[in-house]
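Order as written gives the chain letters A, B, C and D; numbering starts at 1 within each chain.
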Amino acid sequence: MKIGILTSGGDCPGINATIRGVSKAAINCYGMEVVGIHGGFQGLLDIDTEPLTSMSVSGLLTSGGTILGTSREKPFKKKATDEEKNERKRLITDNVKKMGLDAIVCIGGNGTQKSAYKLSKIGLNIVSIPKTIDNDVWGTDQTFGFDTAVGIATEAIDRLHSTASSHRRVMVIEVMGHKAGWIALHSGIAGGGDIILLPELDYDINTISRVIMDRFKKGHTHTIVVVAEGIKTMNGRKAGEFVAQQIEFETGIETRQTVLGYVQRGGSPSTYDRILATRMGAHAADLIARKDFGKMVCLRGDKISSISLEDVNDRLKLVTEDNDLVVQGRRIGICFGK
Amino acid sequence: MKIGILTSGGDCPGINATIRGVSKAAINCYGMEVVGIHGGFQGLLDIDTEPLTSMSVSGLLTSGGTILGTSREKPFKKKATDEEKNERKRLITDNVKKMGLDAIVCIGGNGTQKSAYKLSKIGLNIVSIPKTIDNDVWGTDQTFGFDTAVGIATEAIDRLHSTASSHRRVMVIEVMGHKAGWIALHSGIAGGGDIILLPELDYDINTISRVIMDRFKKGHTHTIVVVAEGIKTMNGRKAGEFVAQQIEFETGIETRQTVLGYVQRGGSPSTYDRILATRMGAHAADLIARKDFGKMVCLRGDKISSISLEDVNDRLKLVTEDNDLVVQGRRIGICFGK
Amino acid sequence: MKIGILTSGGDCPGINATIRGVSKAAINCYGMEVVGIHGGFQGLLDIDTEPLTSMSVSGLLTSGGTILGTSREKPFKKKATDEEKNERKRLITDNVKKMGLDAIVCIGGNGTQKSAYKLSKIGLNIVSIPKTIDNDVWGTDQTFGFDTAVGIATEAIDRLHSTASSHRRVMVIEVMGHKAGWIALHSGIAGGGDIILLPELDYDINTISRVIMDRFKKGHTHTIVVVAEGIKTMNGRKAGEFVAQQIEFETGIETRQTVLGYVQRGGSPSTYDRILATRMGAHAADLIARKDFGKMVCLRGDKISSISLEDVNDRLKLVTEDNDLVVQGRRIGICFGK
Amino acid sequence: MKIGILTSGGDCPGINATIRGVSKAAINCYGMEVVGIHGGFQGLLDIDTEPLTSMSVSGLLTSGGTILGTSREKPFKKKATDEEKNERKRLITDNVKKMGLDAIVCIGGNGTQKSAYKLSKIGLNIVSIPKTIDNDVWGTDQTFGFDTAVGIATEAIDRLHSTASSHRRVMVIEVMGHKAGWIALHSGIAGGGDIILLPELDYDINTISRVIMDRFKKGHTHTIVVVAEGIKTMNGRKAGEFVAQQIEFETGIETRQTVLGYVQRGGSPSTYDRILATRMGAHAADLIARKDFGKMVCLRGDKISSISLEDVNDRLKLVTEDNDLVVQGRRIGICFGK
């Protein structure tokens, strides 16, 4: 059996560990042949590949990014005519045959899951693995990359405490997460944030300002506000900048903002993500071995399992009001905006 | 309502975050009064306490160790006569009355859970929280401290790779875990260990040596062996030293060993442990508020819940052959000793 | 003898270690009495202090920020009339007498050195210690805070490599440094930056773009551009944003930018900074003991020494063309803008 | 011109950065051809090499260990007869001719400097670069690897504080350094050690015990003792174990010890070491370009310079009583054993 692996969409820590996990299990356990497809779905269109061996994937566990490269290219363009779509379908099917691939492992976020589902529907043998720092893929308790991103964001918040305290300031930090508040929620609690704003929960600047004024009255030296990039603002303004300006205007207290940016996506994965990525990779090889295609590997409690790509398609996993962390966060006095 | 908090047994990262979690939830949410009891159960015998306020627990989230101090003192000695036990019972009951405590939160490992159960049986209102880097407390998916310890051990293994590779050596690293192999299992997989030895699974030096010889023949520059401190050895010898010597003797390949030691227990908790500790702390306050005593707080999937202290008593959570990490670790080629 | 310590200007890692160093040496070695003055020079105007003891400064070595608080308040306003200045002079001299201070240690950056010189000229016994992440204080080989900031910036650059490489991008990172390029120079070399732009050296977008195009032609997957916040741009635009846009426009290659921001100033000091801060603190106590006032503590080679505040006043230490790191950086192929 | 690079002796962080620095400067700046020699001096005997190019050394800046491998093999055995030595001399000279090498860069510690000097004396064009975590090479202010090792040791001491404090213990930590106390001295001060024992300074257990008893009387919760592996003990016992046992015996206070071990040598170099390694590498290429052979690259103040291999030969750089850190450490109350 010969399988291909491709990585698509934004990079995140743990992709290389997954490539290693799939390859090691496929080769050691099932004697499969493995090739890496370059540049995401683009490599499928261009037949751009490299062989992966037990030795060539050795050492990948700790490295960031993806050795296969990635792109945002999709196999099927949204605005394509039916004819164009059919042509693409033929091209891809032919290419897969030319490469001699019995199955393809697609590693990516929500966009990739959607594309994987489409490839599955045109008859290819697909197994996908969810991958995003945003943790917003439906059907899995967690995605790898998320724990690392939360760790980086938390370390940044830790650092801001000392500056905020020395200068008696409000510090606003904007973290990633796309339309989901998972990174803000977890890093906010782990970093001792006093106010945490998520895209999923409405916020009110008056309430926030009152909480901040109260804190200073009680003798707290500073206040940390953790803001997800995806929260609503006015006139399309950036989340951190908007909230910082509003707070300073309302409270008159010196307020500074930091946008954490791309450092959240890079570097060596955390131990948690290395293990999760490795396990998900090994499970993908298992699914292929038993010809259980059209599935996305997922985490359920402490077990690795799988879910139909059809179920995952076009859904987002978002934070809800009754989320345990939100409920317990409120108990210890964190303000979620209202 | 007035509650006391005590921390007992070996220290681990996240205890202070738990003290903060209990206190903040108890004060902010339920208007309780909170005191910290010094030096574990010893403080209960000596009435040695300090008041804990919302301000005094601020900043505890990130600090290692326990601000309350700890000891290995037990409320009831194993070899005490019935009379001595009755006297202790009276003393403790009187002291709790003198301190005006309506409930006590006991934070500790397996020994502490046992003591908490005994105090519960003599009629005190007890809620306990599991705490150990070893992750071996029955009834909870995970204990805080564990993720931090695994992270430290993994970073150490990462460092050993470069030395082992430059010198073409076998490197044996002994990690903590008491009678359980959890730290070795997780750090071994996260650190890219080639051989992982756990107390729960038998090992055979001949098998291990053959695996090592094979690896060098295939062109690998080095081999990393991760050993739990609790594995069986001969003549009471220390785990790492014993395994390293046996391997060098059998294979003739230069083999070095490192014992990681106390650094695994100390320092700032990881983001995962900060969140778990905070949530468990907040949940302990909830249990007290609804007078749900005789319980240990636990993690089940992604929910914080509780379990009867009676169920936890005298049980250990150990690694089993069918553990998902062991099964999947074998698939990617890790040798577990046989 | 009784001495006061104040910390002024922007915070940086190592201030608390310095406070500890001054206090421990003053108390243990010379039997002095030590008080901390709150909020920088403001505390001198308000007589806002706290006693510092050997026990109270214990544990400060590793903590970020300043326990004394800081402000940008200056003892003498620039636009004050002569009369106002005389009044301030009287107020400060009186306050120092009221507090019974025989000498004052001023810990701060360039602004603080200037203020310290003025206080020295009105007859106060002043010893100052340089402190800034920017490393731009004249008269000392290095300031504490700098090594920590460079470490944080370098770790961020490390992380960007994996993202840049996976997406085949140009990544621009803007680091702090005020008008000096020290942080950009050191973190750029340590992080493997390909192009480093400093305020002290002119740059030319055409040259930079050609270097980037050449790199991609040679097969490099990505290019890292490290930019000091103080470089010249057009229309007052921010350094990173400006450079990223210019590069993308000129080369057509996808270019992203990250502004590292406040995380560079916070958190626990590096080992180098802890040692430098401790030594500088201890030396300040020595200077006071021998009544050697009007001096700034400095580092010269591997010795701690001192320099007259008059010499330091109104001068900046900037990167020059013949700086060893620039010269050697060019040898290994780094482009400094032209 | 064609040059060879070899790495010999124990590995340390920054070797790969040096290989990259030499290669990039040699290729970019002087158009030299570069080969890497495998396994230290052994590769010179076996003609075991690989070509190094600008692309092949890219990415080496951050990696630990040495990509060339290392061994403890010396070019000339101590006990060799004159005839054997002459034969070796002929073999090496012939091999260098066969490989077409105009010069060789030897990267290593004291043993390597001695061998480099010998090769220089038999007429080879040698430039050497000092490399050791121990910082004990004569003629240079600092060696790369040292700052990284001190950082790792300091982080370990940081962790021990929380455990020691929670349990009210004495914690003894044994760090590396061979016969020199540099790592113990620097990590001891940076980690807030209370007692620091160096091979160069005598110590007295009675004095140490009295200091510890005094500290506990004054209210300190714990004491940290940092011990260099090279201190004198009785009956050949290991440093940390010996000191811990003596202290516990004398004071009756619970004392634990940790041996830090191999983790001090591995992993990614610190920013300081990356820069130092890069600069030293680039300077070695400069020396070769101007045919300035028989020299060891060194750091003097903030300049990279060189020193004759003859001057370095057979000398050790050790800590002395009048070392600034020792003098200032005593001022802040650190006990150095007497």
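Please note the rule applied: a contact is a pair of C-beta atoms (placed from the backbone, for glycine too) under 8 Å apart; a residue touches a chain by one contact, two chains touch by 3 or more.
Going by UniProt, the chains are A, B, C, D = ATP-dependent 6-phosphofructokinase.
Note that the structure is predicted; figures quoted are calculated from it, not measured.
For the pair chain A and chain C, there is no chain touching both partners.
Comparing the CA-atom centres of all chains against that of chain C, the greatest distance is found for B. Chain B and chain C, compared by their mean Cα positions, are separated by 41 Å. Chain centres here are Cα means. That of chain C falls 30 Å from that of chain D.
A separation of 36 Å divides the Cα centre of chain B from that of chain D. Among the residues of chain B, those touching two or more other chains are numbered 158. Chains that are in contact with each other form these pairs: A-B, A-C, B-D, C-D. Looking at the complex, you find that chain A touches chain B at residues 20-21, 24-25, 28-29, 54-55, 58-59, 61-62, 141, 147, 150-151, 154, 158, 186-187, 189-192, 218-220, 270-272, 274-275, 278-279, 281-283, 285-286, 301-304, 324-325, 328, 331-333.
Residues 7, 10-11, 13, 15, 63-66, 69-71, 152, 155-156, 158-163, 165-168, 171, 221, 256, 258-263, 265-267 of chain C are the ones touching chain A in the complex.
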